[in-house]
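Paired with chain B in one complex and with chain C in the other, chain A is shared by the two complexes that follow.
The block that comes next holds the complex of A and B.
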């Protein structure tokens, strides 16, 4: 494998090189403590050494508010929203967030393929970066290591003094062409050490989660949960949405938009007349966790949780998805016969 | 297998754009429910199965799923029976013939009528559950030779809330229809039967093995009707159930209608009962 070396003091030059070819979106510091993905206007603002952004790259393909159509109330006509390809370099993306996009691609492509999402997905060059797992990451337990290059065109692995640069695809080679880099030293950087683990091989997770259906863990979690839906909103593989009408101030027209929604919110399953099909927080927690570890995994063989740790890191009540799953695992090992 | 290998490449489509249809007729069914007759541009056929639904929208108000009440055998227009219960349905009730409304669909898995052919068809409908079941009932009546007996059990909270008065009278008189109706609480004017819908089931004349049953009603009804049907000896395989959920997008994307792993807008709303047994949240 041909590995190049990017010294830390040349990151800015690389960003400029990429910006000459396409728009670049990358992690940048927001305030004193946060890092967020944003369009790059100043190459010096890019931060490649970070633990996580609150929102993943999902926001570029399924925006929090996404116009579906514009309507005219005077003649009841409408026009479809214009959707443009992102057509940009996504720089400094962690492997779990790239894996999350594979999952969203599946959701929006299978059955009836959806134009709004898939159109925006076009023209993206993925430049990944490795990370040092913090107290919340557990991607290793779902098979996505910090050095996983799957889905990337170029991958940057942190080493002393800078990054090893691996050109993964032809597209990656094209975007780097003309940017001279010296050969890297031999050997891969360390794959990072995870502090959080789900204690079970992936292959048995579905079985464990099926057995967990009537576990007391859901009611116990519900005792702490406030039902705010933060876990849904920060999850890179949550894609549920609601649809809203926005009428302009003159009441002559407006837009129909979809907005992010979350299965932890009570109204999520409410129908006309007031029936709520998952009225309890315990049922909603179970649905959230089983969607990540059972329902979609049964169908595809892949867990729908990518181990980013966001739902735990941003939970307003201190609920940990790793603790919930590990509790299900230990209950299963104690009483495997209760499996359904 | 990798996730991207599981995807069948297909041309992406605009899934959320409605077809602008015209309201042709509005007929009150009782104080709360109204029957809307809708025509697609050029009188195009909706092409639905009994049990399927459409998404109806009014610009600036919203969009919601409604089951189709007319039989696919009756072309040119289709009918929706809608209860006035929220913002969108209030606005729908204020429309006049000639007004426009947005339609997407038909969506979902309806009743596979081919599998009902040659069988006695038992319909158990509670409240506005009769609205989608009317599509099946009229389908059977229009293709009378394809089916055995038609048995209808209809329950309502009160006689004031009963739907489709003229059609009920016709079913009552039709020698080919075994029609039973009950109300939970009758007004002083009610001369018919009083009691919940399950009380109709023990007295039915059923030919086991030849009967298929389709159930639709309020969520609380299913478990009790199921017990009553099974105590009559009907097999799980002979039972179909149409379930209500919040089918916001209709195309398996928005997540609202999920029952465990199943999307009601894709696998339902009509389920074969054996398939529901693995869905703990269903009934």
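The block that comes next holds the complex of A and C.
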């Protein structure tokens, strides 16, 4: 494998090199305590050493608010929004967020393909970066290590004084062409030490989660939960949405928008006639967790959780998805026959 | 609904900030006036009695006279819209409901208290049927416009029920809690596009509580983040005393 070395003080030059070829989106400092992905205008603003962004790269392919069409009430006509490929370099992406996009690709290409999402996905060059797991990451438990290069075109692994640069695909080689980098010294980047672990692999979890349908853990979690929906809205593999129409003040036309929605929200579970089919927070919590560790995994064999830790990190009530799953595991090991 | 609905605007106990916010629609006001005839608005024109299709009503009900007037307005309005925290959920005024009414009356009016009959501050919905709510303190302008256009088109507006947190996360606002402040966003109804957290302020809860709020869990969140139990409930009471007093009994 051909490994190059990128010294920390040359990161800015690499960003400039990439910006000469395509638009670049990368993590940048947003507030005093947070980093967010944004279009790069100043190469010096890129932050490669970070624990997580509140929103993943999903926001570029399925935007939080996505205009689907404009309608004209005067002649009853409408025009679908023009959707362009992102056609950009996504730089500084963690392996779990890349893995989340693989899952969304599956969701959005099954059955009726989701045209807008798939269109925006085109033309992306993925440049990954390794990370040091913090108190919330648990990607190791779902098989996605911090050095996982799958899906990336170029991967940067943090080593002393900078990054080892691995060209993973031909596309990756092309985007780096002309940017001189010395050979990397031998020496391994840190594989990352996780502080959070799910006790069982997904192959066993399907069975465990099936047996946990009537577990008291859902009601116990609901006691602490205020149902604010943050866990859904920050999840990189949640893809549910609502559709809203807004009419302009002249009442001559308006727009139809798709907006992120989540299964923890009451409105989401309300159907025509006012029936709420998951009335309590316990049912909603159960649904949220089973969507990640059972329903979609039964179909695909993979957990639909990528271990980014966002739902736990942004929960003001301190609810941990790892604790919920491990509680199900330990209950199952004590009473494996309580399957419903 | 007729081609040009007749609109009337009324106020009860409140600061008239919501009405001021209606006059502040500088970019939209002419368009709005093209759709409706305003037949009654004390803040902007002389009183004129009449019939109307839509009544926008600000303020809480806090005197026996208020009760008489709101019943009269309800009788004359096809659609009644409660505008702002006072009208929708009693608002700041309803903080007085946490104390014996006689004590409040004496504190405000002293020896003249017998000249001023007063009631606990009530949201409009405690006395009459309210068709639509426009929440906020002052009322949220973007919500008012949505409600206005829906009513002009003869449609039922959709009332948001999700928490402010959703709108913060959609905008990727740095969480107020991350900045070391406390915030009522997790149990407060959105629909304001997280107006305050978006400019670095915490949510005071002006748009009222989400449906079926888990208040014990919210208390735990506030206490975990540094408030005493007493302070936590004081924060929650600021805009929600009417609802919280109701839950006690």
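Here is the rule we use: the second predicted complex is superposed on the first by the 338 of 340 C-alpha atoms of A that agree within 3 Å, B and C clash if a C-alpha of one lies under 4 Å from a C-alpha of the other, contacts with A are read in each partner's own complex, and residues count from 1 in each chain.
Simple rule for what comes next: contacts are C-beta pairs under 8 Å (C-beta built on N, C-alpha and C of every residue); 3 or more make two chains touch, one makes a residue touch a chain.
Keep in mind that this is a model prediction, so the values were computed, not measured.
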Which of chain B and chain C A:199 touches, first, second, both or neither: neither
Touched partner set for A:287, first chain B, second chain C, both or neither: first
Which superposed partner A:111 touches (first chain B, second chain C, both, neither): first
First (chain B), second (chain C), both or neither touched by A:266: second
Touched partner set for A:247, first chain B, second chain C, both or neither: both
Chain A residues touched - chain C or chain B, whichever exceeds: B
Touching partner for A:32 - first (chain B), second (chain C), both, neither: second
Shared chain A surface residues [contacts with chain B and with chain C]: 244, 247, 251
Touching residues on chain C, where the partner in the complex is chain A: 28, 31-32, 34-35, 145-146, 148-150, 152-153, 158, 160-163, 165-166, 169-172, 174-175, 177-179, 185-187, 210-214, 216-218, 220-221, 224-225
Chain A residues touching chain B - in the complex, by the definition given at the top: 68-69, 71-73, 76-78, 80, 102-103, 105-116, 118-119, 213, 239-245, 247, 251, 254, 256, 258, 261, 263, 268-273, 275, 277-278, 283, 287, 290-291, 294-296, 298-302
Residues of chain A defined as touching chain C within the complex: 30-34, 36, 53-55, 59, 64-65, 222-230, 233-234, 244, 246-251, 259-260, 262, 265-267, 281, 314, 316-318
Chain B - residues contacting chain A, complex: 1-4, 6-8, 10-18, 20, 57, 59-64, 83, 85-86, 89, 100, 102, 218-219, 244-246, 248-249, 251-256, 258-261, 266, 280-281
